[in-house]
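Naming follows writing order (A, B, C and D), and every chain is counted from residue 1.
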Amino acid sequence: MLIVMESTAGQEQVEAVVKQIEKLGLRAHPIPGAQRVAIGITGNRGSVDSGTVEAMPGVAEVIRVSNPYKLVSREARPEDTVVSVGGVSVGGTAIVVIGGPCAVESREQLRAVAEGVRDAGGHILRGGAFKPRTSPYAFQGLGERGLHILAEAGREFGLPVVTEAVDEESLALVAQYADAIQIGARNMQNFSLLRSAGKLRKPVLLKRGMSATLEEFLLSAEYILSEGNYEVMLCERGIRTYSDYTRNTLDLSVVPAIKRISHLPILVDPSHGTGKRAKVLPMSRAGIAVGADGIIVEVHHKPDEALSDGPQSILPVDFARLVKDVEAIATVLGRPLHAAVAAVNSVAAGAK
Amino acid sequence: MLIVMESTAGQEQVEAVVKQIEKLGLRAHPIPGAQRVAIGITGNRGSVDSGTVEAMPGVAEVIRVSNPYKLVSREARPEDTVVSVGGVSVGGTAIVVIGGPCAVESREQLRAVAEGVRDAGGHILRGGAFKPRTSPYAFQGLGERGLHILAEAGREFGLPVVTEAVDEESLALVAQYADAIQIGARNMQNFSLLRSAGKLRKPVLLKRGMSATLEEFLLSAEYILSEGNYEVMLCERGIRTYSDYTRNTLDLSVVPAIKRISHLPILVDPSHGTGKRAKVLPMSRAGIAVGADGIIVEVHHKPDEALSDGPQSILPVDFARLVKDVEAIATVLGRPLHAAVAAVNSVAAGAK
Amino acid sequence: MLIVMESTAGQEQVEAVVKQIEKLGLRAHPIPGAQRVAIGITGNRGSVDSGTVEAMPGVAEVIRVSNPYKLVSREARPEDTVVSVGGVSVGGTAIVVIGGPCAVESREQLRAVAEGVRDAGGHILRGGAFKPRTSPYAFQGLGERGLHILAEAGREFGLPVVTEAVDEESLALVAQYADAIQIGARNMQNFSLLRSAGKLRKPVLLKRGMSATLEEFLLSAEYILSEGNYEVMLCERGIRTYSDYTRNTLDLSVVPAIKRISHLPILVDPSHGTGKRAKVLPMSRAGIAVGADGIIVEVHHKPDEALSDGPQSILPVDFARLVKDVEAIATVLGRPLHAAVAAVNSVAAGAK
Amino acid sequence: MLIVMESTAGQEQVEAVVKQIEKLGLRAHPIPGAQRVAIGITGNRGSVDSGTVEAMPGVAEVIRVSNPYKLVSREARPEDTVVSVGGVSVGGTAIVVIGGPCAVESREQLRAVAEGVRDAGGHILRGGAFKPRTSPYAFQGLGERGLHILAEAGREFGLPVVTEAVDEESLALVAQYADAIQIGARNMQNFSLLRSAGKLRKPVLLKRGMSATLEEFLLSAEYILSEGNYEVMLCERGIRTYSDYTRNTLDLSVVPAIKRISHLPILVDPSHGTGKRAKVLPMSRAGIAVGADGIIVEVHHKPDEALSDGPQSILPVDFARLVKDVEAIATVLGRPLHAAVAAVNSVAAGAK
């Protein structure tokens, strides 16, 4: 259920409605918009008597939401959500480019890549410290030491950082070191992890599961929002099909589909989406052309020595070309590239 | 097997090699390139003694082709193939846009749409007269009367025309009326039809089957080339996946994959690829951004009254916007939009 | 639209209704059942005034069929269709087993395999003379010579024969030599071929397309029935999925789904369905356990020398075990194995 | 790496090898077989000098395992693993049938269903207390209270119980109350949860992920074994395909594929695999016919009132028929149905 307040409704009227909702044993989620406030209601398992709320002062309308998602939908919030990742706005008009290695391997590696990302005009640094690997015998990441290296490089090169959490323990650590928390494709329906991430007040980058429908994807985001964390960025990273010349099939038509239904930012990951270095640049261009809010891409200064995902990583010099192309395509759509990141603006600066 | 001639080899040397190959019971396919001539050999089921050919004057190299496709591969022809559809070049640097209704319904309908396509800057007119329909009870097209209407509109508005053939009978008719023959997704592995189209000397627009791998797609094109018709254009039109918010999943990463392996032009069909009007424009932009040579799109002046595929057809006014966007994206890649078609340049002009 | 006649309606009443329907510009398809006759109507593109028919003597009910298939549906014919293939009943209580090589290669090969099939208790002999091959350079079958060899072996070992037609030309030949015509997965939506097969009065074995939905599959059968040929057998042969340890994914749950909606027999092809010899036996058992009317399987006396599909062919000795297992499983479901074929009962006996 | 001991090797020789392996910084997993002991080695990221071990007394062979899985493979353990779930053997010759509601809803509901399961000859009781639901607003299970009800019913009706854990917290609780821990499809690549389950000494029922390849499935099991818990049962529950008339496509050919590669038991879940009540019985028969070690199926005494998955639950009376059919099919394969469970033999008896 969704309550739309009048545009003239004051803060105290919003609070009164919230209080009334909570008295009914439900949770209220005020969602401020440009024109008016909407209040999402969650926790109602069955029927709720909307009468008492409908009559309250300041209430314009009570909408019985028939589709399964509430807080992620444009009905709940017509304006685009803009998420701030350490000062970089994701989801506004400006396009962002996120780059970095699949896995943090060493201080030297990360400094080399981070410098390349910054010099090329990239906005956010990525790099995994906890790697969900198919095999228990594959390199699983450096753990907290990797987070430390990542945060340090972020500070040095003035780039906010995003990195993946795979369970409760790593989530707590990632929240401490990073500007945004990534939840990977394999954990898209790890509902406990989603709820925990929803209790934090840190942006979350949620990747689409390998065979997730649009509805499942948005409902996983809904798990995070329903716990009160509205700073969610979605990310298309390829789905599993019979098609065999790319690692996954990058499903770009999900971008306009999401834009229509949801107010959340949507990024495209052409590295995992194709698994092939040579396809990263063209699919990045296509991702922006279709309307994504940004690109997240794997960059490595020595791809052939990478401990994971080498074949899909590009060199810093190619990343520079990618940023230029992305900017040119964005211009066609009337969107600017996000301004270059200033010196030390990362929340990570505060982390140890 | 592939024979690469020296760049200095004369016409008579090429002919001598061809004769020698035919004497061995095989078929020779001379493929002229910018620098040199290559000669593809087909028909060898087992091992062939390459010695006799290797020693002939003008022969630079004999390559045993290990991958399954020969004539469609870049090894056989490094330069891009440029197909001329009634004077419009497909596969060169210039981008082409093909528009028209799913099915030819009446003279009035087709004239209205053709005028819109021409005014918007479209280059080729499409429209089905023979429709492969899932149900035997659905509208199956106007048949030869539809071809007549199509060719007439092509002449009137100076647009070459492309239309689908579904069997031997319609193939003969389409070859008579149209500038290019479309073979649809459902017939991509109708090998008899492919062979017959290969015996014609008319460009063929071959659509990817609904669950075709890249190899199957290229081998179907190989069927056409192996009969001597080298004027083949490929077209990605969406594959079947579990994903349910679009009719098919437009697999744009096939574009760079094909460009790398094959010299044939590749177009993108966002109408069938998404099945949704609102996604045609963004996916057209993405198709060009990823490197396609053109877009083929369904246009209808009254989509809601269309006898087939109404929900995925766009209005002429939206088509005009699409042509503009496509041109702007092409510019980013350093490619121009194809010049507007001059008055009556269609081969169809000659047809009755 | 479907007209259900009263159980007491006489032949002349049925004929009068048929005449009336044809007067309305439609086609009538009388479908005799155990209790009563139903008359399917095809050809109505829009609304038809059912009033005139409804009032005729002998008419019990006029049903507006809302689902897309008419003649293939159980609403049109509640009783199971039993197709006679050269005297072997397919679709009754008895289970049939069809065996033979992927391709007819030589008289010696076919005699060896046919003998094995007959001795093991198989009921129908299969073998391709026209092979739809992905590559134009692969073995395409022996053509009419193959048909001749097949019919000859059928006569010699008293087995009716089924073989594939791939176009108009081969269809005419196959109809002449074989007891049943196979239409393969790649041609499931070759609607011209389906219509042509519908005009013959020979049983048709229609294989499910590689990515066909249940509705598409049944509508392709509907194409055949709508031309007047009601002797159609369906065949599940695996669908294309991401799953990679079998060539296709044999979708056995389609069997009960078809049984519920349609009266047509449904067979299972575990050879193409798995592409692996070792999985043919267990998947044959599973096919019968799930309710299929029979199994069609590739048998070769020298699989490693087979010109096509060797890795999925089983030896005659394994085929014998398969027939035994199939019978045992069938018994659990209360179904017998079809009686062994008597000497020379094949229609093929009459050919050429 | 895998060390195969001589059949005559004594316990102290095995222990000496284990000690030597641990000295090299690796983990040793002795796997006792009928004839001899094998020792799996995990933890080696790169190359290991096998020389020191190879020369030790009692060592027959050192095998460099090239395929990605070690402990789950038949190379490591040729004999079938038999897992004891509260006294019921899963993976031996005898077939087991597991039944129960999707979710534990109340004491009354569970008692009714458990009685039905026991009376029908079922061996293990299932029922979810922690439900991973696509939507945050769907019924999420009764939590610990549900476990309590489940264990109680297990004791009352003499059935061991299996139930799902979705995170660390629920895992600890489930381990306390249940005889086996289920890890669901959505958590198949929740590697942290797999590791934690691997540290317990309780049987684990691991379901295949919705789009998991065979390799990914087995590697997820490998995560559990590599932590020392060898009591793993696999379960096929349908994969996601384009096919739309069942909820998922039950991929039965995975059963023989797994049997060939791995020694772990494999069950089939036709309830989730089809999502349709009417297909549960035929697909159960097919599952046993193809070689599965058992069936796990959803049973509800009032399916239409079920809080989750009602449409795929069958009545106790249908479950009784299913057990009979399963037994009959098993007999064909020379396998008995597991003996009926005796009174109070559940480990759960000790819990609470």
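General remarks:
Following the convention adopted for this analysis, contacts are C-beta pairs under 8 Å (C-beta built on N, C-alpha and C of every residue); 3 or more make two chains touch, one makes a residue touch a chain.
Values in this document were obtained by computation on a predicted structure and should not be read as measured data.
Following the contact convention of this document, B, C is the list of chains adjacent to both chain A and chain D.
The interface with the greater count of contacting C-beta pairs, when A-B is set against B-D, is A-B.
A separation of 51 Å divides the Cα centre of chain B from that of chain D.
Taking the mean of the C-alpha atoms as each chain's centre, chain A and chain B sit 39 Å apart. With touch defined as above, residues shared between interfaces to two or more other chains in chain B number as follows: 211, 240-242. Residues 240-242 of chain A touch chain C in their complex. By the touch rule above, chain C contacts chain D in their complex via residues 211, 213-214, 239, 241-246, 249-257, 260, 273-274, 278-279, 282-283, 285-291, 325, 328-329, 332-333.
Considering their complex, residues 42-45, 68-70, 132-137, 139, 166-169, 186-187, 189-193, 195, 210-211, 215-216, 219, 222-223, 226, 240 of chain A touch chain D.
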